[in-house]
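In the two complexes below, subunit A is the common chain; its partner is subunit B in one and subunit C in the other.
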Partner chain A sequence: MRTARILQLSIIAAVAGCSGNQSALDPQGAPAIHVEHLIIGITVICAAVWLLVMIVLGWALLRKRPSDSSQPGERSLTISVGSAVAATVIIITGLTIASFYTTRGIGLPENAALTITVRGQQWWWQVNYADPDPALSFQTANEIHIPVGQDVRVQLESADVVHSFWVPSLAGKQDLVPGRSNSLLLRAERPGIYRGQCAEFCGLQHTHMAMMVVADKPADYERWIAAQRQNGVMPTDPDAVAGKVAFLSKPCAACHTVRGTPATGTTGPDLTHIGSRKTIAAGLLETTRGSLAAWIADPQTLKPGNNMPMVPLTSVELRDISAYMESLK
Partner chain B sequence: MFGDINDAKWSFLATFLLVVAGAAFLGWAQQPRELRTDPPLVADLDRFRLMSNSIGGSPPESYFAEGKPYESDAYNLSQGQRLYTWFGCQSCHGDGRGNVGPSFLDGWWLYGPEMVSIVASIRDGRPHGMPAFRDRMTIEQIWQLAGYVQTIGAYSTKVAATGRRDDRHTRPAENRAPAKILFNEGPVGAHPDQGPSP
Partner chain C sequence: MTIREDGQNLRDTGLGEIELDHRLSATWSTPSGLWGALSSVDHKIIGRRYIVTAFVFLALGGLLAMAMRLQLSQPEARFIGPDRYNQIFTMHGTNMMFLFAVPVMEAMAVYLVPLMVGTRNIAFPRLNAFSYWMYLAGGLLLWIAFAVDTGPDIGWFAYVPLSGPQYAAGKRADIWAQMITFTEVSALAVAVEIVVTVFKQRAPGMSLDRIPLFVWSMLVTSFLIILAMPAIMIASSTLILDRLVGTHFFNPAEGGDVLLWQHLFWFFGHPEVYIIFLPAVGMVSTIVATFTRRPVFGYLAMVMALVATGVLAFGLWVHHMFVAGLPRLGESFFTASSMAIAIPAGLQIFCWLATMWAGRPVFRTPFLFVIGFMVIFVIGGMTGVMVASVPFDTQVHDTYFVVAHFHYVLVGGAVFPLLGAIYYWFPKITGRMMSETLGRWVFGLIFTGFNLTFFPMHILGLQGMPRRIYTYQPEMPWSGLNMFVSLSAVILAAGFLLFFIDAIRSSATGATAPANPWGASTLEWATSSPPPPYNFARLPVVGSLEPLSNNPETLPVASGLSVDRRELIVSSVVEALPEARESSPDNSIWPLWSALATTVLLIWSIFTPWAVVWGSIPVSIALIGWFWPKGTPEDDA
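Our next item is the complex of A and B:
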């Protein structure tokens, strides 16, 4: 009774892991659906083979030897070994063909409507929305917005080591290799927020290298694009005004860009619209004034080894700069 | 293979493995990676004393107590290597052989090879073009970068090495060997914009 209950609970727990916004078993786009079919197909076939092998093994162990201890015929042995080899070859060939067609199914179409460049860095994602007109190009970090129902080509690059781009609900994995440019098809059929993360061990903070893919309805997407193209807002709140002054006079501006200000550093994430992003530090914390202050005050305790140094600030400066960051919607 | 466990080779193997494990442990214990330096220690890094001619001086006491981490710690040297790129040092100093700015590899240090001099040069700037990075980097980053710069043109090899560089090597790798082979040419003449040597 008790065992049954534990079993039941563990099954519920396991199945609960299959849904949610980061699951290859809850696909929300065409490439992910192809991958899911392949996963289920291979699992079912392998399970059937395993079961069959176990049954034959059980039968072989339990059967009684014939009393007249005669040697098994050479011929029957040849037949059973031959048919097992043939079955293996057929199954593996079938799986290979299925895998080939899946790979072709998730391949890039000739002309995707939108191309986004994602550059992996230790330990965050730089996202570039390029436009032939440089004034309309912009950069953001750790949050990718895509329009629903459209093929999106994601160009994958790396600034330092090998990373891997993995948004299980929308697509398979693809590596980001230094010096190379890979690409991946991303497509979401339903609006929603899909979580992704780095899937290739890339150093100390590999765990904290997450991103969000936000699938918007076309109108929402256009609104988001238009907002991101704007320069950083001029703060009006007195705290934020003082924060901007402090931000520009401290080392912050040497690594971070806020468009429309003298801050043009490129080493760290672009902060022009940091207040509009859902998380900071690659999915580590939700974006609130408090978490921004906590992060700025001591990044090495929250995410040890990351490249943001602890900049000595007075408490007033810290409060002002976090107010300014929060105001950058 | 496992037939005779008393065979001599097994005791050798066991000893060897023990020694390797012990060495690994000692190495780890000697140099634990310090990712977050205590704020008071960082603040102290600003309090070095410089001679009145701005050449040489003495680091804060805490720097020695810590075991000179910015010269002898591989992690800090590697961070310095990244900072060298991130803060655009190449635009004047090239790959270390100098360009508009002086070379680090010719064996000639305009303000001496001491850490304190290099830190002061980066933090406060120097005449004839070296900008001050006081407001662009934290003092700890400046020490990391100074350690790396010192390594580029070190007179003798250091035990700690920086991380591997993946770009094309145009000069001897940092501190794999002293840059002495390049010293034979003698100091490269300072660029006209650089002004006279102090």
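Our next item is the complex of A and C:
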């Protein structure tokens, strides 16, 4: 029962936590809720069985033994062991069936109306919203918006090594395997920001490969989609205007895209609307002008080994480029 | 009976005890000095070496664990950088699995199985010596590489493509893969020796239903090794080929397959768990029988459970790949099979409980470790049932929940019985008792420290903490538990430290042990502590499952073996009827030269494939020396 109590306490703790939590015990979508019920059910049963075994163990060891040396009958022992094995078979069968039903309850991602393609890379997430009309397709990074209360199929691909997509509050995880395409059913029942992070060891910065799933009300979601389809905004603030010039003249554009500008690099994340995202560098820092400047100035100290080089900039250029990035809402 | 005048082929039949000991010692002992030590083929000397080496690796692996706990004790700590951290957790896993857990179990078998089946040496004793040197070389390769910052950083599972030529530059991954080759060779060698020893060298009368349960467990384990190791051998060899000569076994761009690696790895990797666990089951059965003063209840059921576990072990590997995107029907099958293995495991637990209930428990240190094993391993089994469920697993796979789970299984299920086994067999191996007082402290510290360290990890995993991360952000709700875990790990480490102190101190100054200090009933206690080089002055004849339980003073013996050359009895597989007097090889330095030559070949081949060609020349020379005919007479049937 200790297991169950601690579990209960941690459930309370998890629910009390802020939104954006990353916990299997704080489920906010149907798939994760199904699994949580299974987790609690199996845990309670297993804890009860464990407790029972411990009671028998204590009794077997400490019971008062008859003073004469008469041995208890082998027959009664055989019956006890036999019934314990039979009980094990029944419990195991029950748990197996419960597991199958949970899988069925979650359903298949293939039936979802909306598909988002996530492509894992060392160490960030490329997110593609495809549309039959290429002009309406767009790409973003490390932040996935989904409409609340709707099944979403996340198609999972990898550009390099094996990664694993895991947003525990919404669903279990699924690997991104090079050369294969997997998919996962994602669903949020209420608006919120749900954090996830890579669960399969993928190299030096596996630790810093997080993403945010933002569940929007349908109207907000449509607004977000419409905004993301736009090209990068033309800066008006003088710093940002200078920043755009610097951005395009420096090596930045070789790796990054800002739609509507000559910057069309594809090695790094698409920056068209980076200012609108909650975090930069795959969940490493909150997006502010200061954090952008810190990141651009020295990405290798903040996230050692990541693929963004340190580009030599003057302090004015750094300030201007950060301002430009922040303006890309 | 013939005693020839020239002293050749003198039989033991008519000799008195003192002369017998004198002559057998001359025939079987290992010469003193360095040369003698290096050329010894005595299973006890090699077994002792193996055990000590494995425990050194345990201590080193434990230090790595403490380093990780230091780094994770608080968010965004900067004690260890990502590159070193990745090496550390890779080293910890690789070291504990390949250099500690599997070898230590085999080491215990190398020492104990020949004694328990009543023979004078293990089968293929020179192969045994070779196996140890290979193991030592593999361990040194890995640790020297780590010391010079070239330790593998790809996880103990080395998933491609991260371990492949494109993403793992340098030699780190090659060192991992080649270390696998070393430990494979040594593990396979020991497995073959155990199988042959158990099948063909049992004491006369030790029919299949009189084999001690520990020996049964090692027999099943050895078959698991023989069947599972080829998969990892193929995996590591093809990885080296991909890296070294540009094949594309695992490169999807050229028609290779990433999941092929995972299948090969886990087809080995899951039975690996049972390769570690089954010997521990045998240890538990042995200790339970001795300390409840009765045989283990349900001998046949226990043997069947061992065999069933061994067979089922090969039908579970996909549960390590439940989130890799395999077809659902296949996943369902592996859920059912993974759940099913709880049945033989449960059966064994119930048989031990029945034995404890029916017996008269004596609470000495080895038995305390068995009780600790029951408490912890059952939790590990329960969480094993949990991760066998696909939907459950999708939430906890690759999180700290799984870290907690397999430490409960491997530490609870294997290290606790092993520590109990060390306290139990220490007097036999060293001739001295370990301290009962310190033993209780060791048990208390390790039991408490272990649970406080690993139980909270279940919760951390459910709260979303993935494995193999070198730090976490302060916003995540994991700081408190991580600090708690790190502090608890200090208690656990203190327990192990005390264990090492007790073992080292007792081996020098412990109370002298009689031949059978625990009143046990298996054959290894029929000879002195420590056993003489020839194990038994006269080979015992076995008439029951517990040959020492009735009249320990009057064990029947077989006679007629030569005393001036190494001879032992070969017996039939089922009934152990004596079939022949087989000669057993003398000491030889050639296994060491062979191991050195093989080591040069394997390490050289990390750098150029031509090493396989040129390196095979010294290996051939060493093998010719090893097998050069000695003119020993043919065996007598």
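Operating definition for what follows: the second predicted complex is superposed on the first by the 306 of 329 C-alpha atoms of A that agree within 3 Å, B and C clash if a C-alpha of one lies under 4 Å from a C-alpha of the other, contacts with A are read in each partner's own complex, and residues count from 1 in each chain.
Simple rule for what comes next: a contact is a pair of C-beta atoms (placed from the backbone, for glycine too) under 8 Å apart; a residue touches a chain by one contact, two chains touch by 3 or more.
All values derive from a computational prediction rather than experimental measurement.
The superposition on subunit A brings subunit B into a clash with subunit C.
In the overlay built on the shared chain, the residue A:Thr267 is in contact with subunit B alone; subunit C does not reach it. In the superposed model, A:Pro178 makes contact with both subunit B and subunit C. In the superposed pair of complexes, A:Ala113 makes contact with neither subunit B nor subunit C. In the superposed model, A:Ser249 makes contact with subunit B only, not with subunit C. Contact comparison for subunit A: of subunit B and subunit C, C touches the greater number of residues.
Within the superposed three-chain model, A:Gly305 lies in touch with subunit B and with subunit C [touch as defined at top]. Aligning on the C-alpha atoms of chain A brings subunit B into conflict with subunit C at a single listed stretch, 165-173, out of 129-137, 165-173 or 183-191.
With the contact threshold set out at the top, residues 178-179, 204, 304-305 of subunit A are in contact with subunit B in one structure and with subunit C in the other. By the touch rule above, subunit A contacts subunit B in their complex via residues 178-179, 204, 249-251, 253-255, 267, 298, 300-301, 304-305, 307, 309-312.
On the subunit B side of its complex with subunit A, the touching residues are 35-36, 39, 42-43, 82, 86-87, 135-138, 140-141, 166.
Those residues of subunit C whose C-beta lies close enough to touch subunit A in the complex are 81-83, 86, 155, 159, 161-162, 166-167, 252-253, 257-259, 294, 297-298, 301, 323-325, 328, 332, 335-336, 339-340, 342-343, 346-347, 349-351, 353-354, 356-358, 360-361, 371, 374-375, 378-379, 382-383, 385-386, 388-399, 455, 458-459, 462-464, 466-472, 476-477.
Remark: subunit A residues 3, 6-7, 10, 13-14, 17, 21-25, 32, 34-35, 38-39, 42-43, 46-47, 49-50, 53-54, 56-57, 59-61, 63, 65, 71-72, 74, 77-78, 80-81, 84-85, 88-89, 92-93, 95-96, 98-100, 102-103, 106, 122, 156, 160-162, 164, 166, 168, 171-175, 177-180, 182, 195, 197-207, 304-305 touch subunit C in the complex.
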